[in-house]
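My structure is below; once you've seen it, I'll send some questions.
Per-chain numbering from 1; labels A, B, C, D, E and F assigned in written order.
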Amino acid sequence: MPNKIKKNSVLSMQRVEVLSQALPYIQKFNQKIFVVKYGGSAMNDPELKKETINDFALLSCVGIKLIVVHGGGPEISMMSKRLNLPVKFIDGQRVTDKKTMEIVEMVLVGKVQKDLVNLINVSGAKAIGLCGKDGKLFSAKPSSKMKKYGFIGEVKSIDTSILMTLVEKGFIPVISSVGADHSGQNYNINADSVASSIASALKSSKLILMTDTRGVLKNSKNPDSLISKINIIEAERLIKKKIISGGMIPKTKAAISALKSGVDAVHIINGNLKHSILLEVLTNTGIGTMITK
Amino acid sequence: MPNKIKKNSVLSMQRVEVLSQALPYIQKFNQKIFVVKYGGSAMNDPELKKETINDFALLSCVGIKLIVVHGGGPEISMMSKRLNLPVKFIDGQRVTDKKTMEIVEMVLVGKVQKDLVNLINVSGAKAIGLCGKDGKLFSAKPSSKMKKYGFIGEVKSIDTSILMTLVEKGFIPVISSVGADHSGQNYNINADSVASSIASALKSSKLILMTDTRGVLKNSKNPDSLISKINIIEAERLIKKKIISGGMIPKTKAAISALKSGVDAVHIINGNLKHSILLEVLTNTGIGTMITK
Amino acid sequence: MPNKIKKNSVLSMQRVEVLSQALPYIQKFNQKIFVVKYGGSAMNDPELKKETINDFALLSCVGIKLIVVHGGGPEISMMSKRLNLPVKFIDGQRVTDKKTMEIVEMVLVGKVQKDLVNLINVSGAKAIGLCGKDGKLFSAKPSSKMKKYGFIGEVKSIDTSILMTLVEKGFIPVISSVGADHSGQNYNINADSVASSIASALKSSKLILMTDTRGVLKNSKNPDSLISKINIIEAERLIKKKIISGGMIPKTKAAISALKSGVDAVHIINGNLKHSILLEVLTNTGIGTMITK
Amino acid sequence: MPNKIKKNSVLSMQRVEVLSQALPYIQKFNQKIFVVKYGGSAMNDPELKKETINDFALLSCVGIKLIVVHGGGPEISMMSKRLNLPVKFIDGQRVTDKKTMEIVEMVLVGKVQKDLVNLINVSGAKAIGLCGKDGKLFSAKPSSKMKKYGFIGEVKSIDTSILMTLVEKGFIPVISSVGADHSGQNYNINADSVASSIASALKSSKLILMTDTRGVLKNSKNPDSLISKINIIEAERLIKKKIISGGMIPKTKAAISALKSGVDAVHIINGNLKHSILLEVLTNTGIGTMITK
Amino acid sequence: MPNKIKKNSVLSMQRVEVLSQALPYIQKFNQKIFVVKYGGSAMNDPELKKETINDFALLSCVGIKLIVVHGGGPEISMMSKRLNLPVKFIDGQRVTDKKTMEIVEMVLVGKVQKDLVNLINVSGAKAIGLCGKDGKLFSAKPSSKMKKYGFIGEVKSIDTSILMTLVEKGFIPVISSVGADHSGQNYNINADSVASSIASALKSSKLILMTDTRGVLKNSKNPDSLISKINIIEAERLIKKKIISGGMIPKTKAAISALKSGVDAVHIINGNLKHSILLEVLTNTGIGTMITK
Amino acid sequence: MPNKIKKNSVLSMQRVEVLSQALPYIQKFNQKIFVVKYGGSAMNDPELKKETINDFALLSCVGIKLIVVHGGGPEISMMSKRLNLPVKFIDGQRVTDKKTMEIVEMVLVGKVQKDLVNLINVSGAKAIGLCGKDGKLFSAKPSSKMKKYGFIGEVKSIDTSILMTLVEKGFIPVISSVGADHSGQNYNINADSVASSIASALKSSKLILMTDTRGVLKNSKNPDSLISKINIIEAERLIKKKIISGGMIPKTKAAISALKSGVDAVHIINGNLKHSILLEVLTNTGIGTMITK
């Protein structure tokens, strides 16, 4: 055998060996629903984005019913600046006046979401973009701090019938976290919170929150102090003791709420890491924090 | 009986009398597919818009499978101006460079379409917004005059499976005429042409083009010279004789193409007229031009 | 525009305006089951009959699952007389000996019902005639006053499977209130009571009793003293206080029984009034008495 | 073992032995459609009637999709006489004026058919009575000899959708040969001819015509000259040679027409013979004439 | 009529008469599940075997969902002897070492079961052979007396999904009582016990145990002392009083266990008697013992 | 990060990288039917067997509809020897007298097949064992050389309904190449030929023949002269020129026959190589010979 072919064969052999090791994971999650909040750097770096989306296509292809909820901060700020609208954050929340809300919807639904839909299609799967208004998926209500933040809303009610119609036909729904209230006024809703609400309504098998940090840390200054697995009681204790702090608090709370509504497990993972979702779901190692009941 | 109640009863009686007269029309189109190109003034005047959308909800509610393709010129120009992008038309076509194309998609999909979806929902029906990329509904290719017009494209291929999934579940698909080519590059496609392609692919019962004119005129300067009914041969003759001219030529050509692909009838109607679509479909009078084989 | 056409257009416009106003009613009752007891003058006057049947076709066509139970006194008397059989009533009940029972069945099933089926078909819908024996829809038992009235029976048991099979395929079942007991002996059953039993078994959305009076009256001598809306408790009180009296008592009792079995609302309307069923169901005015829980 | 039990056991053994021998016949006709014209003495003698109907229930129960078309002459004549209507026959056809037609429908649909439905129900199966008008099963047109015979009609068109809906749910349709034309005028149609039309439209496996004679005879005066099996060509030859004559001619023609439309085999059997239909279908002997292509 | 034909007709008439009498039994058990333990002499005598299998085909053909569990002792012993393996029984149980277990599986699955499948196919039905491993139908665990008997096991868990898939498509499952534990080790399980477990899991209508005795006897020495019908309480009393003894004890216990799990009736019948299963199920006489709740 | 965890992470990363690369292959074959002839060393070496079976489970799990046809020579010879039956081969065919045929069936169906079913179950998938008799999957007829070889047969007819029932429910059918003729006589059929017949009847996407050689060689003495891809015309030419020779001739003929019946591609691969089937199907390299139209 010529050397090149031999080397090729060796490589191929390693590949199928690995595939073969994924079998138990694939069997375990067959026909299960995963709701993924996709955001942060994993969405901004083009190379990482493409690979993450391929990972979505792979999960869908091996029989997992995938639902993606996406964020998209940077592009909103960019467009706001081009339109000379103020870009202002209070407590990490984008202050969203009426004009900004219009831009938020246009950019999220008309650009970020459609790019994702297109990339998923290119990867060989079939995606459908939705916002809260499509098929009345979810309606919004103002948050309690409307005066401070403007049109930042919360999920008021959910109707998942359109999602079930789509996942059963093999489509991947890609959801922008924008919804309207009964009067037709739009609200920007936190994407983690929309993902948690949808996962809860579907009692999904997993809710996966892609972030820019490694997961829940024992010591927020030491990235190596990652907690791999934690249950609700411990998580609540860590929030109380302020070990879980900052931006990780709302994420952990979204996780706890989903678990209490019947979701089996919530994963907080680092989207910056290539193939982070496959690593968390299809290997023993795990790379983030899994929260369970 | 007090006078007021009597009067009310008289009114109610007139109403149900009319409903009763609509029976044969409703029976005739039960479970049939109508593809409607919705655009022009019927979309810009808020009052007219609301009423047109209620008409859509009514048609859907009495058993017609409605698919709406929308246009949306004015809002694109407005946003382009706000972003200091040039707004330029050649031969009635918007010159669409790369930056403008981005705005076209954002405005059509992220604003115009979502407003329509919301208004249809408010009217009691259930809509889903789609562009060519969603569920790979249609792909685009550059037009032959790309150098002149920029990213103005044509429909390259159609996959109607997502449409059938949705209309069978009672949703009204609302489609923006934006699609991508294999590389992911977006194109703005003429909405009449997208509507005609979809109607053709579905061999729909009707294709209805809402315009700002009364229909096909014998004498383009006399709005009272409306031709109520015409067949393909006559239509082709009128184009040749230049009696059909200007903006009516592409519309008539889209109509002829749809008829040749198996659509039963094409209606060109004046969207400016209140309830124009109900008048054309549910009364004997008709108000526009019906083109048949 | 010539005057005649103008006038036509004005008329058409009024028509579609009215259609448009029916939307919320049609949406509200889509796919709901209505059981209608059809009888009295609305069945005897040929013009009224044709219009009532067109109303049935309209309700069916806009998505309501309609089930019609019919009466038919006059034709039975006529045939009895032709055959020299005694025509005798005690307490408003036809005294039904064995020979008369034979005629009752023949006339109701073989004439009255088949005429209705034919008229509904002619109106563009599709009807199927049934009696209690068809598909074992309902079985009969003698009433407690058999010695007095003869073969006047009551519903003993109901099997609605044939009804569901038919309404799901879009047929309108037209039911004669004749059933047999286990030995094959036929009984004539009060049509209001059969309609109430079927509505109860199906937990239908509405039970509509068409009568020859305006509805429940506060003062039975003043037809303008109509009670538009009443609940079970008040209705029972009015019976006790003898404000509801005579032939309205069994109707009100049938209504109360249906409501207690899960029917949402019962309407007692005046079938003599043209389009009475549309007026009651598709307008705000209402024209009879609605009884609710 | 006591003698009585022994005898019982012997009898039981003979019984199951016989059942066991029927296996190949039952397997052969499983899920096949049989259309039976039921009439003559088999319907008039109460004992024979009950047994024939039990045979229907048995065929249905072992998996045959049975459709029964019934006749009913004697009861029509009886009722006509009671009403002092003339009872007159020309060429074996009942002369049917407008008043008689009314009686024909009432008696066939409202008495004869409903009795059959009830008897089938009592035998443990589930029947539904239909005439041409129910579900628009068949429409009628006048025969060419209308002046002579009056409202004797022919099948104009057939819509078997209601039949398929019913047999797939396990019901036995029992059909009266009365239909209406577009104007609603009723016609009495020859039951053999209706059965043949329905068998043809369904391309049924068998069409069985129950008569009062043994089948096709070589010598019409010798009942022992029965022809057990014959094909279309021979049958046509026998008609030409006038060996097939009298009332057997229309039956044979109905048979030939059904065979040419795709029915597999037509059986002409003697309904006077107990269990004639089981004998013809479930034994090797056969008892009538089978006509094949 | 020549004598031979006459005689034939008489015979045929008797036959259909009998068929006709089976109607109520066939109606009663239509679409019901019967689990039959098939073993003993009924399987060893070739003539009897053929007839029993035809009875299975008949029951399946008239709409009963039949599931057969078979035994097969003699052929195992024969093959063991050919291979010089010891053939040893303790307490009526075959002592089954590892080598013998291999033979048990091979003979039961690869010979006895396949012969039955073939014979059922030849009889016109369609059979599928299964053991515990196929579709994970049942798993095994060692019995408590493993040291004494070797690889004689018990049913540990059951998954009836493959059975339902097959009977709904009209196949007759033929099951060998061999299953494996989690490590893949095979066990021979008592066929009565497997049949009882499957009947219990399916809450079947009947469990029928074919044996070489007449049923439960009052006096085990007098075969005429058969108890035709008994309930659980009496059966338990008879075991206590040792009137039920020997090999009938485990059978009666299997019966009681099945009844307690929701099986409607258990029949212990004598497979040596021709058509025993038809006699027990399709006649009034009955020939064995029926045990009910 | 501690070294061990780092190393683990690196390994995991490589793994998911590989998984990710398999996406296009998995998408390509989703819901496609593969028929695999499984035999030779891949079935005899326990380690290799376990891995091959895991590969089957993996293919099934990622959405491929897998059907396995197995061989099993060595175990037949072993059992024959234990029973002192002659083990004789002519032209590579096992001479199969009546007694040997009995052993062939017992060993293949009752041992080899059941072991495979169990191993597939243990791997997490769900298998069902079948031979030609189960569900009348295939019937056999004697080969033309019966006198020479004995009960070596050929496939006479195929009924794939049981296969479709099973694969649609997610089961993996495991088929022994033993079938019976109409008289019930068993025949041993070449497993390649059974696999080819089944693939042909299903017009499967792939037929994969696992052998003990690398594939089709240009020079049968040089294993490095493998032909990776070949079409029917070339294959036929190579047979004619005797470059394809010996045992590869029947395999190539089976391949050509399958391709001509509508199979998309046939792969001849070396089952001795670990993960050979994954390598051939899920990598670009390929490791055997692919034959196409």
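Observations on the structure shown:
Going forward, a contact is a pair of C-beta atoms (placed from the backbone, for glycine too) under 8 Å apart; a residue touches a chain by one contact, two chains touch by 3 or more.
Worth saying up front: this structure is predicted, and the values here are computed from it rather than measured.
Taking CA atoms, the transformation carrying chain C onto chain D includes a rotation by 180°, reported to the nearest 5. Between the chain pairs E-F and B-C, more C-beta pairs are in contact across B-C. In terms of the distance between Cα centroids, chain D is separated most widely from A. Equivalent interface to C-D within the set E-F, B-C or A-F: E-F (over half of contact pairs identical by residue number). Centre to centre, using the average C-alpha position, chain D and chain E are separated by 43 Å. Chain geometry summary: the mean Cα position of chain A and that of chain B are 36 Å apart. Work out the mean CA point of chain B and of chain E, and you get 68 Å between them. Residue positions of chain E touching 2 or more other chains: none. In terms of inter-chain touching, the protein chains here make up one closed cycle, each touching precisely two others.
Going from chain D to chain E and on round the loop of contacts, you meet the chains as D, E, F, A, B, C. Those residues of chain A that touch chain B in the complex are listed here as 79, 82-83, 102, 105-111, 114, 117-119, 121-122, 126-131, 133-136, 161-162, 165-166, 169, 171, 180, 184.
Per the touch definition, chain E reaches chain D in the complex via residues 1, 5, 8-9, 11-24, 26-27, 30, 51, 54-55, 57-58, 61-63, 123-125, 224, 274-275, 278-279, 282-285, 287.
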